[in-house]
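Chain IDs A, B, C, D, E and F follow the sequence of writing; residue 1 opens each chain.
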Amino acid sequence: MSPLNFTHILTQAVDELSESKSYTGLFHQHKDGEPLPSARVLCDIIDLARAILFPGYYGNSTINSHTINYHIGVNVETLFNLLNEQILAGLCFASDGECDSCTESKREEASKLAAKFISRLPHLRRVLATDVEAAYNGDPAAESFGEVICCYPAIKAISNYRIAHELLQLGVPLIPRIITEMAHSETGIDIHPAAKIGEYFTIDHGTGVVIGATSIIGNNVKIYQGVTLGAKSFPLDEEGKPIKGIARHPILEDNVIVYSNATILGRITIGKDATVGGNIWVTEDVPVGARIVQPKAKK
Amino acid sequence: MSPLNFTHILTQAVDELSESKSYTGLFHQHKDGEPLPSARVLCDIIDLARAILFPGYYGNSTINSHTINYHIGVNVETLFNLLNEQILAGLCFASDGECDSCTESKREEASKLAAKFISRLPHLRRVLATDVEAAYNGDPAAESFGEVICCYPAIKAISNYRIAHELLQLGVPLIPRIITEMAHSETGIDIHPAAKIGEYFTIDHGTGVVIGATSIIGNNVKIYQGVTLGAKSFPLDEEGKPIKGIARHPILEDNVIVYSNATILGRITIGKDATVGGNIWVTEDVPVGARIVQPKAKK
Amino acid sequence: MSPLNFTHILTQAVDELSESKSYTGLFHQHKDGEPLPSARVLCDIIDLARAILFPGYYGNSTINSHTINYHIGVNVETLFNLLNEQILAGLCFASDGECDSCTESKREEASKLAAKFISRLPHLRRVLATDVEAAYNGDPAAESFGEVICCYPAIKAISNYRIAHELLQLGVPLIPRIITEMAHSETGIDIHPAAKIGEYFTIDHGTGVVIGATSIIGNNVKIYQGVTLGAKSFPLDEEGKPIKGIARHPILEDNVIVYSNATILGRITIGKDATVGGNIWVTEDVPVGARIVQPKAKK
Amino acid sequence: MSPLNFTHILTQAVDELSESKSYTGLFHQHKDGEPLPSARVLCDIIDLARAILFPGYYGNSTINSHTINYHIGVNVETLFNLLNEQILAGLCFASDGECDSCTESKREEASKLAAKFISRLPHLRRVLATDVEAAYNGDPAAESFGEVICCYPAIKAISNYRIAHELLQLGVPLIPRIITEMAHSETGIDIHPAAKIGEYFTIDHGTGVVIGATSIIGNNVKIYQGVTLGAKSFPLDEEGKPIKGIARHPILEDNVIVYSNATILGRITIGKDATVGGNIWVTEDVPVGARIVQPKAKK
Amino acid sequence: MSPLNFTHILTQAVDELSESKSYTGLFHQHKDGEPLPSARVLCDIIDLARAILFPGYYGNSTINSHTINYHIGVNVETLFNLLNEQILAGLCFASDGECDSCTESKREEASKLAAKFISRLPHLRRVLATDVEAAYNGDPAAESFGEVICCYPAIKAISNYRIAHELLQLGVPLIPRIITEMAHSETGIDIHPAAKIGEYFTIDHGTGVVIGATSIIGNNVKIYQGVTLGAKSFPLDEEGKPIKGIARHPILEDNVIVYSNATILGRITIGKDATVGGNIWVTEDVPVGARIVQPKAKK
Amino acid sequence: MSPLNFTHILTQAVDELSESKSYTGLFHQHKDGEPLPSARVLCDIIDLARAILFPGYYGNSTINSHTINYHIGVNVETLFNLLNEQILAGLCFASDGECDSCTESKREEASKLAAKFISRLPHLRRVLATDVEAAYNGDPAAESFGEVICCYPAIKAISNYRIAHELLQLGVPLIPRIITEMAHSETGIDIHPAAKIGEYFTIDHGTGVVIGATSIIGNNVKIYQGVTLGAKSFPLDEEGKPIKGIARHPILEDNVIVYSNATILGRITIGKDATVGGNIWVTEDVPVGARIVQPKAKK
């Protein structure tokens, strides 16, 4: 093949790939002046949020009790600005095709939502402090709160979830899901931002954990790696497509422990103080205080 | 220890580590003028491919229907150049020790393979569109095609697999495996580039999924997190080493569903429309339309 | 809301988040002149270590047998300097609150520990060579040592573990755990740096593997994805908190194979040459040479 | 001094530097949602403009006649977007204090100005082609147009000037001056964006050249390093401050040559075809075709 | 030449270049644990200082009067830390060969000097405010203080000089000179940090200006591009080498103006209110209020 | 203007700018597989060369006499590789249009030239050592060789010139000129790579110095800022274009000093030990040992 042929192959591929038929449903048209949701900026947003919530552990800044006010101040302001822009991007993305452009009213709404989120940061820190304590108390290998905050993937995944959950409750589209998927990629823990999770929540090791969108988890719950809180099956509409928005994931009451690789499916309830053993498949309610395990293996 | 002692320790370690005996089999000698396979460049290649296949969702460019031709054009040309260089690096890597240098004929071959891959991009987009549709239809939590394309790890893993599979079929060494391992690291989904996978394929959540090299998967198959399509055992040669290239992974026919953490091992066939429940170990054929589940847990 | 209101919300959040009560236990105070543990620098440290241990495969340098001495030399010196700084950071972090500042004696100790680690690099390369060989021999899909070193997540996870284990044995705090968590995030394989692991160790695919802090693994052991070597339960002290430092994870003797998603819990012993099948939960000793599997699934 | 004292010194300095009295006139208040003029983005803008005007010489892209359309397309679109944002920043900067915020009408104006600038790019390329030709013809050391375009500081300085002059004529504030100062820093050639300069203009070597705001330069003029086209003195207003906007710099008619380090001051005219020798100070008109030189040095 | 020959040439060059004889006087030995003076860090230091002195104009931060305290706080703290490290590097560099290592006492001295510099920042801002005013008043083309601060090279050069001069007066070695050379490279204005310069100082255009180490400049002085305040000749010691530390540069009293490319040499005095015309060479005192110009050019 | 109109303006500009007529002479066509001359890579080349020539002063590496061999080794090898690539790019650039592609023979020639350059590095260091000594001895303000090497722009400009001159003598096209222009931009000193310059050469301050292509400078020469060694006029060919390659710049014999802003034009000779005063224009030979100065200024 001569260089000319290469050029021909390239330009032909470009032409095919630029035909509108070929990208139906796979193409996001950008409207002039609209910000774009950006994975890189959302990364910065999470880094800032972690630096604000756990000062000195994240953000790598040379911070002490005399200067913390300056650092928190700059980080909060920067977080507000970046979030403002990304929330606006999310609003525009969600209304794709419905309206003509990114209006002034959307800009205002984005600012309001960003400010509301900022005002929730002290609450978020209070709840996350309970998660850190739970992780420390639950793991004999943990040597300090500092080690837990710096190293434990559960803290990263739960922080992202709690941030995303706040944003979702404020009505921000798309962004919450991207934020939990970032933690999913980093930790292997997949928590849907719509799940409801109480205080003192901890996940040990965590790789492979899945917590579905309509799950409800009480206080003081502990989950091990590979645990799935999933949907058993879902009703279809007339067109054979799944009906969206139905409660289809489990409820875990206070103090429940679920061991590694257990799979709990459907809108069932695992009662208070119950323990679910590893590697089992649970599709029916588990009574309060019960302990279920796998049948013996054959030798 | 004085600074002099540190210097002594360092130079001694350097001498030991530079002795040829110490690095036998662990050292890749670089030949002058040869490009090197580069994880960073392969990352750029995947980013470019995603930007071409899903314009506006990836690549973060301010693209619209009037300018898409420019963007696709620059991206395709850049992809061709980077791929050309990396394929050449792969060819040189594979022939390590066999010939004297990176010859003109290898350069030509690399260009041809890169061009052939480019010409397959429209096909890749068509198949990936079916995967997006399958993910959207299969998940009640999915709110739009856009959310699926932006957030779902399955789309990332399957894109990388389909790209790597094309390159493998063209005969490109090493590079396909690096590309699927990049997705493995990003998503926890490990699909060997040699596996054969039909259209409308989807993986939910996905962490821990393993799809072995000789697996064959039909159309419209759905797999959940933690599922293994693995080898049961493999025959050894006279030296006690595994014989390479034997079909040893399962066949999943059209419309099969496999639930989370199921392990399917060996060259068995899961028949059309069959369902495999979660957390079970399957080593024998499953008939068409069958549904197998784990025995009840003991309370 | 007017811009003024946004400013009010921001400054109020800053004030709340800067109150010392609000960050008790979640704040790492920085002492003047102390280095900080840095995830980015630890990343560079791992990249350098990989470039030294597997020259030409990692580090992307244009290295050959005539110039290897220069490259190893620069990399070893840089590694020493970065490690020195991070070990010092770890020592300061661990003594948080106990002493006034980062003393000269801590600086000396950090240098000594860094030098000792450097002197262990040739040993580390020798052991890792056995792991590479085991991975190659154990996988029919592996085409060369090079492919194993470049692509296999197990090699990344085991390298990080072996580096972290050396540092932990030298008494370096915090840093070892961060290093194994980096591999956990990259590969989904979670090996505690305190575990003891013999030669010719390999992990296939690997996502979801957990190897607890007091695990002991012999030579020539092979583990598949999703396997947990965990603790069954742990004794609590008078305050109801787990007693730290008790042997609580399994012992795997030489030549043991554990298939995917098996969960082995507690200080039990899996005897020499034994095989543990996939998706099962093992809480009792397994005799030498035994083979245990899951009960049949129901159709 | 103890660490506490350092903290005290720092916080006191911060307090002093944050008092509004201390920064009067030196502080640019940022209004919410307004873009900021950014030296880095303006750098990117100049790089893009050079890549469009001299394709293949700047922009480092692997461009050929078949793909030039794609590259120009992406570069023009990106240039439009960045310029749009920076022009808006300039408009907001200029109206500092006058209005409440960055209104929708300013956004529209910025877009219009950016689009108008884009439509002038073909004209800019035509004029710059004459400058390249003049530089090549005027320097016996020049070996090709390519060398002139790649290496000659005059081309960089004149490009920036011509771009800045277009923007100034469109009414864009601040940005033009930053653009010519960027070239001043890069080349030592200081051309005010308001100067009027004809075609086939060239500057040899160029360091130290100053061309004032009201200078008028004809076609085919050549200037050497260190030449000043400056103001002699300027009338003051009642407050003793210079009156702005008065013509106060020289007029150089067609074909004038000015040798190195000559200083030409005031609204005088250097007539057509005249030559001004090096190191002299000219404050009076020079007739058409004249040649003026420095008096002999004393030995 | 074969690849082997290239290797031979390279290793031979390396050997020659590593012989200690070959680098006598050209080699800076690094002592373990000492920071190194770093051009990149000094760049960051200047950027931070500019951001503190001219908030909102430099530093590109989204700063307003409510948040300025946070930004100044973080910038001052960061500046202190970086400066601390660079001053220590300067002290170590200056004592090269004299003592064994970077002692604790040097660390303390560096911290003290950095803190003293920080406490001078409010003074620096007050003086620089007079320079900005002088530049604005002296140039009919200046449209606002903002334009002067953002665009005028004189402000950059004078800022760096005033910062460097403070550090020099505190006794910091090497660093001040690097800082003024950074401005020299950026603006073509070369001010020695040891020069003494009064308030309301301005330089127009500036390229080629040289202000020697023992120059003394009063208040309200204005200098144009290409002006040299240099040494005429300097007495040599017995070995024929210049005697260091003798006053050898001009004194410019208050309100002096020096036009472009004038050269003023030796320890002479240009009297109050005097004007020196362009392109002339002055080696004798100029009386108070005098005005000297170049002889007429010959036509 | 509606968004649609903007799109129209953009696409029209793209079309005009992509027409081949519009870019004749301003477009560098890239041939497939050819490297491109890259300003960024040439910057790295200069940084590497400086790090090799002045170890520890440039390159910022933590280098000492025990590890210098490693650092020089890696830097020399990297320099060879980058230079190889850029020389090839220069050769291809120079033969633009003459041959079909970047042939194997050009690759070989580039490697040979790069290797020859490497073998000249010890010589370059020896000569540069004389320049450093001359700068130190010639400036009463210089405090150490180290300060001269780190801070003096003359050393940067002369290093780049001596590197570029070697490359030019080896026959490398384009690259030498780019390298001296990089120093021109950094220091304001413009030395043509073809000039011939002896040992112990120094330039004080340097901004505005111009040394033309056919200049010849003896040993121990000192030049001040703003000095031009230029061409007086140049003979034209029949087409009125300057005849290239004629000796047209001055000869400065040993020990000559030229003070600031002097302009020396034409192929004249400034005799041994002569001194040329500042701000004068010299177009005739100056005898051995003579001293010429400017006529007195008028008061």
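What we mean here is this: contacts are C-beta pairs under 8 Å (C-beta built on N, C-alpha and C of every residue); 3 or more make two chains touch, one makes a residue touch a chain.
Predicted model only: the values in this text are computed from it and were never measured.
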Between chain B and chain D, the fewest steps along chains that touch one another: 1
Touching both chain A and chain F (chains): B, C, D, E
Classification of the chain D:chain E interface as same or different, half of numbers criterion: different
For chain E paired with chain F, centre-to-centre distance based on mean C-alpha positions, whole Å: 25
CA centroid of chain A to CA centroid of chain E, Å: 51
Residues of chain D touching at least two other chains: 6, 10-11, 14, 31-32, 61-62, 64, 67, 69-70, 72-73, 77, 111, 188, 207-208, 226, 261, 277, 279-280, 293-295
Footprint of chain A on chain D - complex, ascending: 7, 10-11, 14, 32-33, 64, 66-67, 70, 84, 104, 107, 111
Touch list for chain B against partner chain A, complex: 52-57, 60-65, 68-69, 72-73, 76-77, 80, 108, 111-112, 115-116, 118-119, 121-122, 125-126, 128-129, 132-133, 137-141, 143, 145-147, 149-153, 186-188, 205, 207-208, 224-226, 259-261, 277-280, 293-299
Chain F to chain D touching residues, read off their complex: 1, 5-6, 9-18, 20, 22-31, 36-40, 93, 96, 173-174, 177-178, 181, 184-185, 188, 190, 192, 194, 207-210, 212-213, 226, 228, 230-231, 234, 241-246, 248, 261-263, 265, 277, 279-282, 286, 290-295
Interface residues, chain A side, partner chain E - complex: 61-62, 67, 69-74, 77-78, 81
